[in-house]
Structure formats: structure tokens, C-alpha cells
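Two complexes, one shared chain (subunit A), two partners (subunit B, subunit C).
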Partner chain A sequence: MAKAEGLTWTVDDADHMTQAEIYGEVLTQLALKNEKIVAMTADLATSTKIGKFQAKIPERFFDFGIAEANMVAVASGIAETGLIPVISTFAVFASLRAAEFVRTDLCYQKRNVKIIGTHSGTSFGQAGTTHHCTEDLAVMRSFANMVVIAPADARETAKAVEAVLGWDGPCYIRIGRGFEPPLHKDLDFDFEIGKAIELRDGHDVTVIACGVTVLHAMEAAARAAANGVSVRVLDMHTIKPIDEAAVLKAVADTRRIITAEDHSVVGGLGSAVADLIAKSGKGCAFRKLGYQDEFSIVGYPEDLLHHYKIDADGILEAIAEVVRAEFEQDENWEDED
Partner chain B sequence: MQLTNDSLLRENQQNLSTQWHPPKAPTKLDAAERKRLQDKARELRAQIVEVTYTCGGSHIGGSLSQHDILVALYYRYLNIDPSRPDWDQRDRFVLSKGHGGIGHAVILADKGYFDPQLLMDFNKTGSPFGMHLDRLKVRGVDCSTGSLGHGFPLAVGIALGARVQGHKYRTYCVLGDGECHEGAVWEAAMAAGHYKPTNLTAFVDRNKLCMDGPTEKVMALEPLDRKFESFGWRVLKIDGHDFDQICDAVDTALAETERPVMIIANTIKGKGVDFMENKTAWHYGGLDAEMRAKALESIQRS
Partner chain C sequence: MADHTQELRARIFLRSALPLVKVVAEERPRYRKLLFKANGVVQFAASDSDRAAWIELGDGTIDVKQGLHPNPSITVKFKTLKDLNTFFAGGTALPSLKRLAGIPNLLRVVPFLLKLKVLMPNAVPTDPAGKALKVKMLLYMVSNALSQLNKGGDETMVKLVKNSPDRIFQWTVEGGGPAAYLRMRGGQTKAGRGTYTRRRPYVHMIFPDIEGAFDVLTQKVGTVDAVRYNKLRMEGAMEGGKEVGLLMQRVEALTTGA
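Our next item is the complex of A and B:
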């Protein structure tokens, strides 16, 4: 269990407690080089780290107060004038409160606006369900023309921000609170929208993960290897457009797929992968890890991931189960060992 | 010295108001100009009836109530070029009450944005024209509207984006009165009251009817003027079918440097067609040959 005693801090201290400031820095640097970038938030400049932008480039920053729907529509209008708005607010408000505005004013009108939804999943554990967001991937994925990215750590987030600013059209990036431990040691890795990162090759089972669960998947894979199970880990940072080729290759090579996400099992990464498995016509053993169509309890984020079996322990348990699972075999079995 | 967003924005505002001049606008309408606008309005009202008759139905009531405002804007104020719909320095127009699209389309056709014959395909499968105009399909449309409460914040955004870049073009927005039930309208009003985009001029087409009946019976809006004022707007109230009053109000708005301006235009739903005037039912309707003839005759008399 995580311990709370001895922790005394306010939102202003978040700066030197987390690596998430990297994304705020990257965005600011990019905006200093590109005058077209404007940033905005709904009274969450400090929490979402976009306050860094505000400090450096105030004339291109707007705080619209606690009114997310207006903010999204205004961003669409600003994009009409040739600027590139970057919105940052909590995932639950970006994807649900402002959902219709995202769909109708950004996606339908193909506006070049970027949204960074923070505090996604149950990363804001203590705040309870009103501030959790276990549905944003499902909602955003359902909008045509939307790009949906769930980066694994702060460095991936920095690259994702850069990548979406080079993409013409609406994009949604969802991150946690910024306290997530790092997956990548440095920025020396390739990041391409729509291309999964194969962090670890394997042939017995594939774990396809996104966001905070990627690091957990790697830990689970290492522990499984000690038991002689060969696990492939795919960092599927882009939920849409999903890397179909990587999924189909995992299906062909391993026939056992586990997905993991800090999100409901309804409509997110797991569902996107399930669509592809069904389309492939190949029999697979398949498990989706995430919130099982339920709202989360209150708790510290790391405890919640464990409670809902999306952490390394939960993934390891799923690996053990899936490796033993029976499934319907088809005639094209040449790929099976 | 670190300039705050506020002082930078104010500076931009002052630059805008002293350097920009509305194109070809004498202070008051003379008789010839007034007649020109009235004749054009009458001619295009007839077009609205024709397109409605051909396509099987339209939001004709609201298209007729908003009409004179749009005619004044498109034939006297908007700095636009139909041969260059993407000209980045053009004035912008957002019909936040997007269901008035058929009235907007008729004007765009007359201005030369596209072949008027295309209007005869309104609502047909595959047509670029549906009830609510799509900016990606219809030349001359700056924003795709239809869901009420979206166009107004879109217009606020255009105005703010223009100002950030020091662009001189103006943005005009027309809202419905029933549309003012939507919370997003008030979020936008509040944001505009705060950021003061004086390069935005907005109207409410106050025809006092929404689909379920009079606005004051369904969900009362009054005092609408005091509501916008309390949000930081300068409010003008006019007869929305009187070109002198419309143009005076726009001229006043163009000269206003302190606050954005909301012009509450008192209008009549179905204006110009006697059997439609002030009738809730004509929010949306179709016309047979007999009604078409009656409607055209009424418009000729108006």
C-alpha cells in the first residue's frame, strides 16, 4: 500500500516532483519556434503543466476558465485563422464534458487542434470517479478524423506532442498526472504516429499495452521469462490509427493476446485489438485487462492499478492464464509451434 | 517589462480600431442605397421560397426572419471576394443558428460563390447542400454549424485568433434567440466579456419563437438585453427588418472599441410571407404550388 504520511505539497510543488514538466517544456520550445502555436486551458494551467507556456508566451496563451465546451469551440475558431491551438485540461472534461464540441467543431470540420488530456484513467485516484476518466479512449476513438495517442511515459509524451504538431488534423493525447515512472531512459527512440514500438520480442504470448501499463507489461514479461514463458510486448501508443500490421503479426506469431490499459475494457485499446483479431479470422486466446465495465474505487493510483489487476502482478496472472488457455484451432495452423 | 496578456490585447484592440475602416460605408443610408437593399432582400426572399418549394421543405420561418440582417451584411459590410473563398484576410461570417442555412445559401449563390442551379439539389442524396451548410462542401461558408450553441464560440475564436496575429478582418455572427438557451452561448459570452474581442459583432435574431412555441412560454429569455450587458457586452436593440436601424447598429459596432457588441434584432419569423408570419409551425415547412404562388405574391407586396 502506498503511504501518505510525510507528504506535504501543493500544486505549485508539482514542478520538481515529476518528469511531466518535460511535455510542458517541449510544447513551449516548439511554440517559440512556431508562431502559429497557441495554448489554452480551462483553469488548469498548473495541474496540466501548460502553465509553462503561459509564463513564456503570455500573448499566445488563453485561460478560458472552467468552461471546456466553449474552449474547444473557440479553439476551432482560432484554427480557422491559421493558428494551431493546443488545449490542455483533464481527460474527463476534454473527452466527455466537451465531447460534442470535439466531434462537431474539431473532427467534422477537420480543424488542426491538439488536445492533451491529463489525469486520465485513475491517475487522479484520490479524487474519485468524477475526476477519473476510463472512457476517453472509447469516446475519442469513435470520432472520425481523430488521432488518439496514449504515450507510455513523459519522454514518449514529449515525442507525441512533437508528432501531433506535425500532423494536419485533430489529435488527442492522454496522459496521467505526470508522476508516472519513466519507461525510456532518454529520447533516443523512434516515435511515429500509428506505429507500435516492439519493446520486447517473444513467441508464446503478446501483451499489447498503452500508457502507464506499458512499464508494468515489461516487468511482467521479465518475470514470465524467468518461468520460461516468452512474452512479446507492444507499446501501442497510438490507439487510432492503430498499427494493424503489428497486431496481425502478433496474432500470427503468438495466437495469444493480452491487452492492458488504464481505461475501461469497453471501447478502448482492448476493443480496438479485438476488432482486428475478429477481422483476421484466426482463433486466438484473448484477454482484456482494464476496468471491467465498472467505476473505480478511491485510492492511490498505484494501488488502484494493482486492485484492478492492470499492474505487473495482474498482467503476469493473465499471462499464466492465457498461456494455458484452450482455443478453437483453425486449418491454417502452420504458424503454430 | 513583461507585458500581460491583457495589456497586449488592449494594445492590439486600439491598433485595430484606428487603422481599420469599413469598406464603402457612408454614415447614413440614402434613399437609393435603402432601395437597393430592400429590392435585393425582396428578390432573395423569393429565391428562398423557390428553393424550399423545389427541395420539399426548409427552415423557412427563421431564414426569413434573419434575412434582412444577412442582406445588410453581405451587400454592404462584408469585405469578401467570392472568387477567393479562402482569402485569409476576408471578413468572416458565422451563422450560429445554422438551420438558417437555406437563407444563407441563397445569398452565397447570388454573390457568385457557386452556380445557383446547384441549389435545386438541396437535401438530395449526395448534394453538397443539406439543412445545415458544410464548410468543406459549400464555398463561402466559414464554419459548419447546425448544433446550436457552437457557432457563437466559434466566432469568438475567430475574432481572438485574428487579434493575436494583428489581422484586420471583422467577424460577424448571427444567433437564434432559442439558441440562447444553450449554456455554451453564455460560456462564449463570458469569454468575450473577459477577452473583449471588439472585432466581433454579433446579432440575435429575436423572432421570439422556438419550435415548441413562444420562447417566453418554453424557457423565458427576458431580460435578454440585460443578460448580455451583465456579461460585458454593449447591447443595441433594433427592428431587424429596418435597414436604417440595422446599418446604424453595425456602424456603431464597428466604431466601438471597449466591448464586443450584441445587436438584439427584433424580427418576425416568416417575415415577408403573410401566412407564415409569427407562426411557430413555420419553423420548418414545405410548400405546394398554390402556397408557393401565394408566398411569392406576398413577398412582391412586402
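Our next item is the complex of A and C:
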């Protein structure tokens, strides 16, 4: 994936910046070098951190008030002029309240608009179920032409923002509220839309994760290794287009697959992986970790991840279960002689 | 009653080594001729154990079955299982013969048994065909013997297999050479011939040719040098390679009585 023409950015101190702050910072830096970038929000400039953009480049910043659908429609029109609108609002509003406009005005028209959905999953846990967003990946993934990305941490978010600005067409990036711990120690990793990052090789089980669960998958893998179980971890930051080769290789290599996402198990990463495996015709033991077709309860994000078994403890539990899972139809333990 | 080590040794000889007479028949037409119009059962047993096996000759075919045949042509019976093991390890142990009418069948089987000595470390064929046969038989024997270690209750192997995830240990000789694998999962093992295709091996020992495989399997070169000189390529979990290497040494110790 080539960088957008003329765009460069630097992030020196990602350890001290949240995922959302990084996104706001990177977008602003990029916009200072590319006058085509226009930022929009719907009364959430401070919460989504796109306020950084507003402070630096007010003439290219638009706040629509609580009118997300209207914002999307305007973004579509602006994109037609050659500008690159970047919409920032809570994931729940971008993906649900404005869904029809995203579908018809952006995706159907294949408009070059970028949506950054913040506070996704249960990252805004204490704000209540109405502000959780456990359906956005499913909704956005179902729209033709849409690219869907769930970065694992702040540094990956920075690279994702740069990548989508170099992509011609509608893109959706979902990030958390912004307090997620860092996964990457530095920026020395490749990020390409549609290409999973193999963070850890393993031979017994593969955990395919996105967003905040990637870090938990890594911790679970390290703990499993102490028990003699070798776990591969794929950071599947791009849910659509998904990295088919990486998924199918994992199926062929380990034959035991777990998906983990801060999202419903219906329609998100797990479903995308399941679709692919079913299409391939390959058999494997398979578990989808996420919200099991229920509305999430209210609580602190880390408690909710634990409650729904998508933290390191829950993923480790799933690893132990999947390693033991019986799934072969032709189990035969007679030695050939 | 034979002790556990002798039981384990006999298990390997009768279940892993003895069935290789079929490979000899497949690979050596000269030996196949010995089976022409031969019919009958040659039973091997020991007085102090229930462990036994028989060779079945069926007009051109040879097969090996475990246990006691109800009506063998001849029974080669050793006083102890230890003696049976000594016999199969190439040592001297005199058995008693029961039902002497089966001696012609025994005489047809003896060349096959002698050919099994190619499995022993001191048997070093120099011709390409001899090397190829030894490599094939060793791969089949070792993979099967590792499974027998588990099924026979070898402490180290049982511990390794007990909580093992689904893992494949694969040996392959490239260029159309033989291949064998050992699968283990949750206390169970299976030795198989050829390539396991359902998943990537946990450890894959790949020999570029028969010569390389021969040098490694007969310990003419050590593993480190074998890798360095391209006689062996290891793919997968290196720590697993070390584990299986140690177990292969255990098999050799049991079969040679070392």
C-alpha cells in the first residue's frame, strides 16, 4: 500500500497518548501537509479528539451538531469535489444512527470519505449500553465498497489513519475510547490494509484478534506457552478486505482457530473468518469470542472484557478448550504397520 | 512375568519391527518368491508373557498380526520375553519349536527375519538400494516405535503425550523418498506412513535425499552437522525436534538393549 502523495507524519511519544489522541494528532499533522483533508464531527470534537484538528486548522473543520446523517450526506458531496472528508464520531452513532447514509451516500457512491468511529465495543463501558457499540463491524462490513479496520493500539491507529488516506474509497476505522494499553513498542512494523500482522508464530492454535483484544491474545499466548501450548497470534486489523491467505494458512497449519473481538460474535471478525473457512471447505476446531448475541452490561471496560471472556483469562480458557476439542470425523488412533 | 522394560522392548519388536517383513516383501522381489505357494502361520511367543505375534503366509503374501493364533503351523516359543527380545535384537536365544510340520514355513520366514537386522546400527549397507531400504524401514520403525512407547506406558513418552495438543512429527525424504509421521494428542498417538496432510507438522524433519537420511538416521553425522551440510532441514518447533530426538535415542536403546 503506497503512502498518500506528500503525506508524512511522526509520532514521538505514543506511550503517553491515547488511541484517540494519537488519531487526532496524526490526522492534524497529515492535514497540515495535505490541504484536501477536511474534518467533521457531530458535537463530539472533544470526546473524539478531532478537536486537535479544529484548534490547528479551523477553516477545514465542521461541526454539524447532533446530526450524524446530515454530516455523512455533506461529506459525500464534499468528497465529490476531490476533498477527503474525515468524519469523527462515536462508533455507535456512525454505524447505526447514520447507517443508511453511510450505505447509500458513501458506499453506493464509492465516495472517498473516512469515518473514525471512537468509543467502540465496550470501551465506554460506564456510559451504559446505549453508548456501547458491539455491532459496528457487522454493519459496516455488510456495505459493499467499505473498508473496515480495527487497529490494536495507538501506534497501529496512527498507521491506519495514514493508510486509509491513501486508499481511494470509503473506509471505517473503529477505535476505543482511548485508554487501551499499547501493543506495539514502537512504529517499526508494517501496516498494510488487508494484511494481517503475525505477532507470534505458533503450531497448536491460532488466535485471530482485532482491536483491544490483540494485546490480550498476546498475553494469553505467552501464558499458554508456559503450559507447553504453542499459539499463533494474528493481528487482523483489517476485517474487510480480510487477509484470506493468513486465515487459510492458519487453518492449514494449526487447524484450531479462535477469534477474539470487542464486538458481537454475529457479523464481526469471527463471522468474517468463519465465512472464509466455510468457503474453503477446510475443517477445523473453531471458537468465536465476543459478545454472545446479547446487549453488553454496564461497567468498566476491563471488567467487561473479563466478564465476556475476551481478556487474556478468557482467551486462555478458550485455548485450553480448543486444544482438546474433538472435531475430526475420522479419528483413528491405530498405528499403521 | 516379564518386567516392564522387557514388555516394552517386545512391544516394539513385535509391533514396530516385525511388521517390516511386509516392506521387505514389497521392496525385494527375490524375497517375494519365497512366499510362492506358501500358506500357514508362524507364531512367536514367550512362556512368561501374553505378548505374542504371528506371521501369516498366504500364497504370495505375508502379513503380521498381534496375539496368539488359535492354530499356528509352527510356534517359535521362547522361555522368557527377555529371550525373545534378545533373538529379535540379533543375539543368541534358542527357542523351542512346537508343531514341527510347520518348519517349511519357518524356513521361508527366516530370510525375512534376517533382513530385519538391517535395522540394527551395526548393519551398514553400502549400495544405494540397501541404503534406501534401511532408511525406509528405519522411518517406519521409529515412528511406530514412538507410538508404542506411549501405548506401552513409557513414562517419558506418556508424560509428553498426556496433555499434548494435536501435533504431528513428520519425517520426509524428498525426491519421492519414504515419509512417516507420528501424531499425538491428549494421551493418544498414531504412527502413519506417508505425509499427514490435514495440518502442518509441529516438527518436520526433511531429508533432501536417501543419502542424507541414511547419514542422519545411522548417526554417521550429528543433527547439528547434518543441518549445516544440508543433509537435514528442520521446520516447525525446534524444541519439539529436541524432544523427539531424545525419544528416538530411547527407541534405539530399547531395540539394541543398550
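Going forward, the second predicted complex is superposed on the first by the 308 of 337 C-alpha atoms of A that agree within 3 Å, B and C clash if a C-alpha of one lies under 4 Å from a C-alpha of the other, contacts with A are read in each partner's own complex, and residues count from 1 in each chain.
Simple rule for what comes next: a residue touches a chain if its C-beta (ideal position, glycine included) is under 8 Å from a C-beta of that chain, and two chains touch if they have at least 3 such contacts.
All figures in this text were calculated on a predicted structure; none of them were measured in a lab.
Once the two complexes are overlaid on the shared chain, A:23 sits clear of subunit B and of subunit C alike.
Legend: residue contacts after superposition of the two complexes on their common chain; A:253 is shown touching subunit C, with no touch to subunit B. Once the two complexes are laid over each other on the shared chain, residue contacts for A:286 go to neither subunit B nor subunit C.
Touch criterion not met for A:93: it reaches neither subunit B nor subunit C.
Once the two complexes are laid over each other on the shared chain, residue contacts for A:74 go to subunit B alone; subunit C is not touched. Once the two complexes are overlaid on the shared chain, A:308 sits clear of subunit B and of subunit C alike. Residue contacts after overlaying the shared chain place A:108 against subunit B, while subunit C stays out of touching range. In the superposition on chain A, A:59 makes contact with subunit B only, not with subunit C. Taking subunit B and subunit C in turn and counting the residues of subunit A each one touches, the greater count comes from B. Counting contacts by the rule stated earlier, no residue of subunit A appears in both its interface with subunit B and its interface with subunit C. Listing the residues of subunit C that touch subunit A in their complex gives 15-16, 19, 22, 64, 140, 144, 147-148, 151, 163-167, 186, 188-193, 198-200, 202, 236-237, 240.
If you check the complex, the residues on subunit A that touch subunit C are 203-205, 227-230, 252-256, 323-324, 328, 332-337. Chain contact summary for the complex, subunit B toward subunit A: residues 2-5, 8-9, 88, 92, 94, 135-136, 142-144, 147, 149-150, 153-162, 164-165, 167, 183-184, 187-188, 190-191, 194-195. Those residues of subunit A that touch subunit B in the complex are listed here as 38, 58-62, 64-65, 67, 69-70, 73-83, 100-101, 104-105, 108-110.
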